[in-house]
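Residue numbering begins at 1 within each chain, and the chains themselves are lettered A, B, C and D in the order written.
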Amino acid sequence: MSAGRGSRPLAAVAAVLGAWAAAAVLTAGSGVWAAGTQVAPKEIVIGTLYAGSGSFANSSMPEYAGLTFWVKTVDASGGVYVKAYGKKIPVVLKSYDDQSSTSTATTLYGQLITSDHVNILVADFGSVLTSVAIPIAAEHHMLLFDQTASGISLFSPKNPYMVDTSIRTSALWPTPLAQFLLSRHVRRVAVVYAANDFDQSQAQTLVRLLAAGGVHPVADTSVPTTTTDYATLLHTLAAQNPQAVIEFGYDNNDIAWFQNLSQSGLKFPLVFTIYPGLETALLLKDAGPAALAYTYTYAAPPLVAYNKVTVGLGVSAFLKEFPKVMPGGTLNFQTIAGYNTGLVIQEALATSPSLDQLALRHAVQALSGHMTTLEGPFQINAAGAQVGEPMYIAQFFPTAHGVRLLPVYPADHAQHAPVYPAP
Amino acid sequence: MSDIPPATPEAAPSPAAARRAGGAPAAVRHGLTILLPAVAVFAVAPRIYPNGALLFAMMTFLVLAQGINVIFGFTGYLPFGYVGFFGTGAYAASLALLRLHLAWPLAMLAGAVAAALLALLLMPLLRLSGAYFAIASLAAAEAMYQLVSNPALVPITNGPYGLSLQAVYDGPVSYGAMVGVLALTLAILIYLRTSRFGLALQAIRDDPASAATAGVDVVRSRALAWLLSALMAGLAGGVYAWHVSVFYPDTVFDLSFTVFAIVFVLFGGPATILGPLFGTLALYGLYDAIGISTPQYFQFIYGLLIVVLVLFLPEGLVSLLRRRGIRVP
Amino acid sequence: MALLVYSLLAGLMFGLFYALVGLGLNLVFGVMRIVNLAHGDFLMLGAFGAYWAFTLLGLHPLWALLLEVAAFILLGFPLYHLLVPRLLRSRDPEMLSFVLFFGVSQVIEAVAIIAFGNTQRSIFAPVFGTQPVSLFGQTFPAAWAVSALVSLAAIAAVYVYLYRTRLGYATRAIMSNREEALTSGIRVHRLSALAFGIGLALAAAAGVLSPFMLGSIDPNMGVDITTAAFAIVIIGSLGNPLGTILGGLVYGLSLTLMQTYLSSWSAMVPYVLLLLILLVKPSGLLAREARHV
Amino acid sequence: MALLTVHGLSAAYGPLQVLWAVDLEVGAGESVALLGANGAGKTTLLRAILGLVPTLAGEVSFDGEALGGLPPDARVRRGLAYMSETGVFPDLTVDENLEIGAFALPRAQVAARMAEVLALFPDLAGRRRALGRSLSGGQRKMLGVAKALMGRPRLMVMDEPSAGLSPRMVGAVFEILARLREQGLGLLVAEQNVRFLDLADRAYILEGGRVRGQGKVADLRRDDAVRRAYFGLEEA
């Protein structure tokens, strides 16, 4: 992705942010300017939530481990460089367990801001647990570092207090998938998605792109995000004789989907799901390699290895270092996303003239198009949504002992030719 | 019929006694000693204590606990699905703000009216006895939740994707609105505690047949209490939604709203003004102190508390005072 | 057409499973006239028992089921004596039981979350064979067929107990008239405790099957299960254990038919059915006389 | 020594005291009537004897053993049978009802005992698989008596066996009772129907929860006041 594409929105956002900053300065009086002359704080407090249990635990905990890894490595080198004070300051992580509950999370975000007075506010995993933080952060004029909430409806140019660090806006994910399906002349496509911002925006994009290519899905159904029984639905879909079945869900949905699919005795020529590409080990354990064979998913780091990076560790180096610092920690896309959040914070602190939240936001905006991490090129739009960090298509191939996930599309990233229909 | 033992004489003062003590003055006295201080404390608290979210949640629970008190304490019906009114109010008020662009006082009123309409629709449930009523009201709340969160209704309610009121969000004003709702709630409770109507409700609770023969319109009085209680939840729901401003169906239809409120009422003592007030302040305060990051420890204590209360103290803490002859308003 | 056959057969299997889900609740209500609002939570405990037995010890769920039935019957005695006699002496046991067992439910849920984590779990289904079962040209997960058969066996066992044994006669005598049973020399508390234990054991048995029928289990599943169990029991008629079978079948069939033809509304089925039944015929479909309200 | 002794018994329903220091005795094989208007406390007294009503003071002993604190089922297993006004389990069949009645007996004796009892009640013998609720009022009473007899009681406590029955059925019930009495079964019967007095050896008169009179039936019949209150009017 070229760096130039982001420059025009950048100018626009710079203007908007400038106005905001000016307003902030007027209301806050000398606060912002005083920051420069103030004594440097003893530590930078980063506040975040994690889901120690509940439906998002499998995704949230690796992400939290990734962020923790970043804190540990930074502190091992004497802290993070803060431009506002011209020196390195140690980082402290202040975190609570929200147990995947939005109401608990609401109270806890409030706690982080109003009682703990954190310097940096980082959201928990995913759209659902991030969304409740948005109004709280905006109300208290705290910049919300959104790690993996990618539902497009969460972003608004009117709200400068939010920025997506580590996951591409989900509405952009299915673009290569739609291209792949059209290139293979798949005509009968069935789409099932869990009813949440993340999955819905993917389903909408896919259906829109397919329609543009003249393909209208034979089924387009949503199920509650809590769904763990797809058996009857699978039979309803099978009645439509689809060539491709696309299921967009969270990890629990995908696990149930594959378990039901392998138990049902039904076979589809092409099956696509999200999470086998993001949390491969978990899906292999809970659904089994046989169920995953020849199905498709997204190709994301660490499967796609970005090693030429401008900041932090590349994928290969991260895979080597992470287990040393966090022994036993799960290592998957979410871990990388958490680490990536740390990198964005690190660069923002290194370039922002002050710790003022809008100044930080401005600094992050300035990084867009000029930074490549282990997730690929970092690029955000005026609303703070991530448009870089691309996703590709991968497929599971049987091997002597299990299955192997390999990128298959687009051709310039493929390591294997796609097999369609599944044998 | 009711799980609450017939009120002891001092718990249900005769109208004559109330008049002797000064019927209207009693209401005024309660207004001065309970309503005014409570409202003043919550109005001033945000300046002293920074976590406004917590204060706001506490007020929400105060209103809900008193709402449950109206229907459970005064008439003996246990509305397990009480949160249905709360959620309905939240959605109705939010949609009035978002889709109809109503001014906020009107939108909050719309929330209350919607909840009252739902209560009207569910009026036949009052024919059911005890456990049946409780379960039926729970089913009604769940059905309402499923309706609101249904993907088929996305054009209206935005289905499972929740609503965002960020465009009309106003922290201080919505906080103030909840203070107002709390004041209204306490006023209603003071009225019930000092009026003939409140007395009639308790008579119905203890013995519907005798109440009827004494000239109380049983059906109409129950219906009024039911509507009143729904109205309070609807109002609270609307203001709550406005204040949190991003919420999902399961945020505002969360059964734990009912659960907490019931425990607060049981703990303090139903059919009084101070019981639920004290129950909420004490238990929610405790929850704040130990429960926030691991709510299960608290849930555990709640559960045990319910068991112990039902088996040993079904009239709540105030009954301990009452046994010593101290009258609790 | 094929889809209709599929959903009818699936509905039948789910119906039998749901009959088992409701059976224990109804037995307890029938014998003690109390509402075990923690029924779904006992089911959840049964489910987690099987999950851990399978995950940690590799124990087959059907063995876990037998062990759990015995364990829960035994658990019933201390629990009964701790809670029920005092409750029955109160002014309105039926209503108060509702609140009391709600507290029990909260305690169980909290302990389960602390112990197991608030996370969905599933048992890798091939324990009942990887080959789907074929019926009338439709294929079903083997686990469904096994669950349906096990449910049927459990229901049959309850029937034999109630209608073919002396203890069963006595249990039905208590259901029929508790005081009359006392004055007929029946050890009412002992038998009630047994019935309470059997009720819990039935919940646990349904719990063992639930990961296969519901897809996954989690410590919060109790409330939904309890509501579903209520719908089933009330459809069949409260206090009549055999009516539960009818309730379960009505429930299972309406659920799968809705899932097939109107899937987004299927989650409303239990609640709407429950409301309809309560408003139209509160005594249930099989009741002999209308319950006074 | 009397089989059943009630001494100084007081009992209450909640805050409402119903019995005040009642003394009563029934000897082995004796037939005793308990007379009194509705609300006099007859049923409460019988229920207190069975342990169904908590007592405030006083004592009930059976066969020399104090029953205080024993639950009703334990009292029944000691040979005290009770027949309430309803008397049967409507949801159980005749056979099952009888089976329940024999709960205290060893299993091996049940079949023989059932044959013995059914021989007394030819009406029931033909309807053994019918549900209690499907029986006629008279048959239900018969079943109630039969059920109570199953456990070979030594004393049968009955609450208004004639209530709700047609005069013809009342006759049939009393015929049975007469036969039981001949067989040496003790009877304590609360009854308003004076026909039962023909069967009774002695009677107690209960008024407002207190014993207001007692004696041999023959003596009581001669007492004008008693006759007016409990015999004359009923006979009309």
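As a working rule, contacts are C-beta pairs under 8 Å (C-beta built on N, C-alpha and C of every residue); 3 or more make two chains touch, one makes a residue touch a chain.
This one's a predicted model, so the numbers in the text were calculated from it and none came from an experiment.
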Reaching chain D from chain B through chains that touch each other, fewest steps: 2
Maximum centroid distance from chain B, chain identifier (CA atoms): D
Higher-contact pair (C-beta pairs counted), A-B versus B-C: B-C
Closest chain to global C-alpha mean, per-chain Cα centroids: C
Approximate Å spacing (C-alpha centroids) for the pair chain A, chain C: 41
Between chain A and chain D, centroid-to-centroid distance (C-alpha), Å: 80
Separation of chain B from chain C, taking each centre as the mean of its C-alpha atoms, in whole Å: 32
For chain C, residues contacting two or more additional chains: 113, 264, 267
Junction residues of chain B - those touching two or more other chains: 151, 294
In chain D, residues with contacts to at least two other chains: none
Touching pairs - complete list by chain label: A-B, A-C, B-C, C-D
Parts of chain B lying in touch with chain A, wherever the complex brings them together: 50-54, 57, 149, 151, 159-162, 164, 166-167, 169, 171, 244-248, 250-251, 254, 256, 292-295
In the complex with chain B, residue positions of chain A that touch it: 96-97, 99, 101-104, 106-108, 110-111, 114-115, 128, 131-132, 134-136, 138-139, 153, 156, 158-159, 195-197, 200, 222, 224-225
Of all residues in chain D, those that touch chain C in their complex: 50, 52, 71-73, 76-77, 82, 84, 86-92, 96-97, 99-101, 103-104, 107, 132, 147, 151
Chain C residues touching chain A - in the complex, by the definition given at the top: 2-3, 6-7, 10, 113, 117-120, 122, 124-126, 130-132, 134, 138-144, 213-216, 256, 259-260, 263-264, 267
Chain B partner contacts - residues on chain C that touch it in the complex: 35, 83, 86-87, 90-92, 94-100, 102-111, 113-114, 223, 227, 230-231, 234, 264-265, 267-268, 270-272, 274-275, 278-279, 282, 292-293
